[in-house]
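Next come two complexes, and both contain chain A; in the first it sits with chain B, in the second with chain C.
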Partner chain A sequence: MKGVLATDKRGVRELGAEELVGWDEVTHGVVLNSFDLEVENPAFSRPEERPYSDFNSYTATVASWRVIKPVYNRDICIDCQNCWVWCPDTSIISRDKQMLGIDYDHCKGCGVCVEVCPTNPKSLLMFGEAEDPEAALAQWPEKKKKAKK
Partner chain B sequence: MAIRSIKNLKEFSTANERFEGAHLLCPGCAHSMIVRELMNATDDNLVISSATGCLEVCTAVYPYTSWDTSWIHIGFENSATAVAGAEAMYKARKRKGTLKDPDAPVKFVAFGGDGATYDIGFQWLSGAVERGHDFTYICLDNENYANTGGQRSSATPIGAHTSTAQAGRVSYGKKQKKKDMVAIMAAHGAPYVAQLAPNKWKIMAKGFQKALETEGPCFINTVSACTTEWKFDPKDTIHITDLATDTLMFPIYEIIDGHKLNILYRPKTVIPVEEYLAAQGRYKHLFKPENKHVIERIQKEINEKWEYLQRREEAGV
Partner chain C sequence: MAEKMELQEVEVWDGNYAAAQALRQAQVDVVAAYPITPSTPIVETYGAFVANGYIDGEYVMVESEHAAMSGCVGAAAAGGRVATATSSQGFALMVEVLYQASGMRLPIVLTVVNRALASPLNVRGDHGDMYLGRDSGWIQLDAFNAQEAYDLTLMAFKIGEDINVRLPVMVHQDGFVTSHTAQNIHPLSDDEAYAFIGDYKPVEEMLDFSKPVTYGAQTEEDWHYEHKAKQHRALMDSTVVIDRVFEAFEKKTGRRYNRLETYMMEDAEVAVLALGSTVETSIVAAKQLREEEGLKVGVIAPRCFRPFPFEELREVLAGVKCVAALDRSCPMGAMGTLYNETCGALATIPAEQRPLVTNFIYGLGGRDFSVEEAKRIMREQKGHADVGHITTHIQQFSGLRGPKLGFFESKRS
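Coming up: the complex of A and B.
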């Protein structure tokens, strides 16, 4: 599975870091190709197998938007995929019905994944951007008991 | 043909994403949840157009594109027209036999915000539906012109504060009711018209699949909670959408062939609308004593609408 969470192409550039031509220098009807090679139908290829072009936002990163980040705890996760379906930034990486981790190049730190996580304690929690993942996992909360009615 | 089976979320999650990250939509924006869901619901080739709005400007920030399918960047009013033209071209080339792969299934989808759908692109959408092109129009309804600073649109509900219908000493925000776009599109006789919400992912994915499979023009109005203009915390997008569907502010239903109405989701317990309003900053002023009558009016209208939908479903006509 190595190479899924970290690919060569993903998130190599900060948005706006490249030299741009001005809006008045762009020809009308400009076409941006998502891929360098012809791809029959991307619905049948995994993201890590696709020949992304430099125009594809997959190659860019928005990591600098984040002030807090989600940290993933594999031990508690039940692979329900709630975070996958509701992630607005395609940043939950799931393969073969399994949650593998978070794509920190595209995550904006909105926190939706943490809110929709159904486990007790949650298997995703928000920490400060500078927090070390190991340290974050070490301070994971204990299971909360349900209050008796 | 290539509609994906989605019995449960695990099965759904095996989809290969065709909508890439690092688009510039706000953190917690529901637009991208809806777009991802549509693109993951099918394996077919997609031809998509987006009307001007948040989705268009944020997913195609030059020199980047977030779309792994054919996607047309088009004006504010003509997202339906552009995709209708592409569909007509596809049919013509299929007939003439000039397509490279004539058997590959292709679906045509147009996206528009509520500004592009309810106001600016209304005439064009109406025309495309009347001509009967085989496409699906999806309205991402966030109830204002969020891309340009939150002006009122005809989708803004009564009582909401927007930058051009401000709440203050004299006014309680927008004073007019929201336009019932679903009913208008059903009146066109479109074969499939629905109102869906991203928090009910299964109902929504099934609705998208039904619309894509149905031949002819289909219209889907989706609730897209806007963290910036509705003024709530980005992490609460799904919670707010839950409140929207459970207070029946956004009932989830479909209308088939312009008349047969089915309610797709009935909340177990209907929540009073105050909870939905209190969760958002744009309704803050309604909780002042002098604006109490607006909340009462909103609740009354919701009850009447729900009663109407249930009766229509029962009548089955």
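Coming up: the complex of A and C.
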């Protein structure tokens, strides 16, 4: 989902790829600034609009940590926001209560989103990291019938 | 607004009460505290000040000293003036967070009433806790009496909060001998004291929402070393600000402080180097020896234990014939800290100018250190000076029952 806006700095570098500087240039008290500039009321702006600094994890990608990934199926999703609420890495991208997809720069493949998805079949499923998303969608399971009582 | 307290020109306060009054006058924003003997009356008194309307700040009772210092770190990172008090085991429990506070450059003030470390459990004064803090990255100031505990606690805020320092500061005083002994104190008025310290100026505070910051970041081999080096540099350079604050305080009160205090050292042939209430005992002993026996004895005392006044010590010791470093903490497998620092300072001057250096371990767990024992040690140093070498073990135990205990001897050829 990189580039929700053209200025989006999400995942523009590998984690740990910051420029190394000497002791005289490191920050005071190991303080890391989130933004390069001051932002009035950052809580009322969207992440892609904020001037994140190179020391904020937003600009780093940890995609390489993942071995399995969630794939999202828009056709089944009911936009309940369960996955958005539960994701431990704020990697579900949702706007105006509508699910847009997954932030693969920060998703670590934990599978919580799949676990909490209430639809039948699920709107999110885990696949191998190398799996092509189109191929994954093509093999989506059918709706399960309720067992007869 | 907090009520002001009317103080007499001379008050009768013990060291604990003096420290609590200084904290009140500093109008600390947050005190997170857990009581422990012998520093309990500091936070107890402070709590009473809060309850009686003399303090606007928050007073947070927590479940341990680790939590107390953690609360202080959080409040300081949020952007407030912060302080607490502790001793001994409580200090030991704080240690993990002491390193966090200094690494984050949070100017917290910790009043430490020195007490022995268990085991065996002991509530009396020695310097085991003070020495435990010596590598923690805090400035450590040492008060030898209650007046100094008051003065240094006020100055600790001004030193630590200086924009060029931004480091936490400990103010030490001896358990019971200083903390529980009432003495005449000349306090500043509330207005004078607060004006001397000034308003707190937050730096990179977490409650500035327009500029969010992360405190307590993880850094591995790529960043950690540079941050520690920068912190060490700040601690070393803090001497400039400490001297400046000492000068400003002298202008205000007439009371002079130095990072290395010296007494009768102008013509001293032998000297003792000590910390805490032992300094005053040693001064009495030295004066008596000068009057009664004509011995030229002086006393040296680091007011500032960290950063250690190496250059000043080297200067004052050049020309002295023998110096005894008195350590009120058992070094457990090494020489005492004051001995080590003294030798470190002296190693940088020509051998013929170096005094002989001996080390006494004394006063552990509150064992009394008497004027007579101080005089005995001073006479013994004079003996070493006269023959030109150390005739005893270099490290000895003073005031210990049982057979003489000593370690390490001079190698003379």
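Please note the rule applied: the second predicted complex is superposed on the first by the 129 of 149 C-alpha atoms of A that agree within 3 Å, B and C clash if a C-alpha of one lies under 4 Å from a C-alpha of the other, contacts with A are read in each partner's own complex, and residues count from 1 in each chain.
Please note the rule applied: contacts are C-beta pairs under 8 Å (C-beta built on N, C-alpha and C of every residue); 3 or more make two chains touch, one makes a residue touch a chain.
Here the structure is a predicted model, which means the values were calculated and not measured.
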item: In the superposition, chain B vs chain C on chain A residues touched; value: B
item: Touched partner set for A:Pro42, first chain B, second chain C, both or neither; value: both
item: Partner chain in contact with A:Val62 - chain B first, chain C second, else both or neither; value: first
item: Partner chain(s) touched by A:Pro88 [first = chain B, second = chain C, both, neither]; value: first
item: Which superposed partner A:Gly111 touches (first chain B, second chain C, both, neither); value: first
item: Partner chain(s) touched by A:Leu32 [first = chain B, second = chain C, both, neither]; value: both
item: A:Thr119 touches, of chain B and chain C: first, second, both or neither?; value: neither
item: First (chain B), second (chain C), both or neither touched by A:Lys97; value: first
item: Partner chain in contact with A:Gly22 - chain B first, chain C second, else both or neither; value: second
item: Residues of chain A contacting chain B in one complex and chain C in the other; value: 20, 23, 26, 32, 34-35, 39, 41-43, 55
item: Partner chain B, residues of chain A touching it in the complex; value: 11, 15, 18, 20, 23, 26, 32, 34-35, 39, 41-47, 50, 54-58, 60-62, 65, 79-82, 84-91, 94, 96-97, 103, 105-112, 114-116
item: Interface residues, chain C side, partner chain A - complex; value: 103-106, 166, 203-204, 209-217, 219, 222-223, 225-227, 229-230, 233
item: Chain C-touching residues of chain A, taken from the complex the two chains share; value: 16, 20-24, 26, 28-35, 38-43, 55
item: Residue numbers on chain B that touch chain A, as the complex places them; value: 2, 9-25, 27-33, 36-37, 42-45, 59-69, 104, 198, 201, 227, 233-239
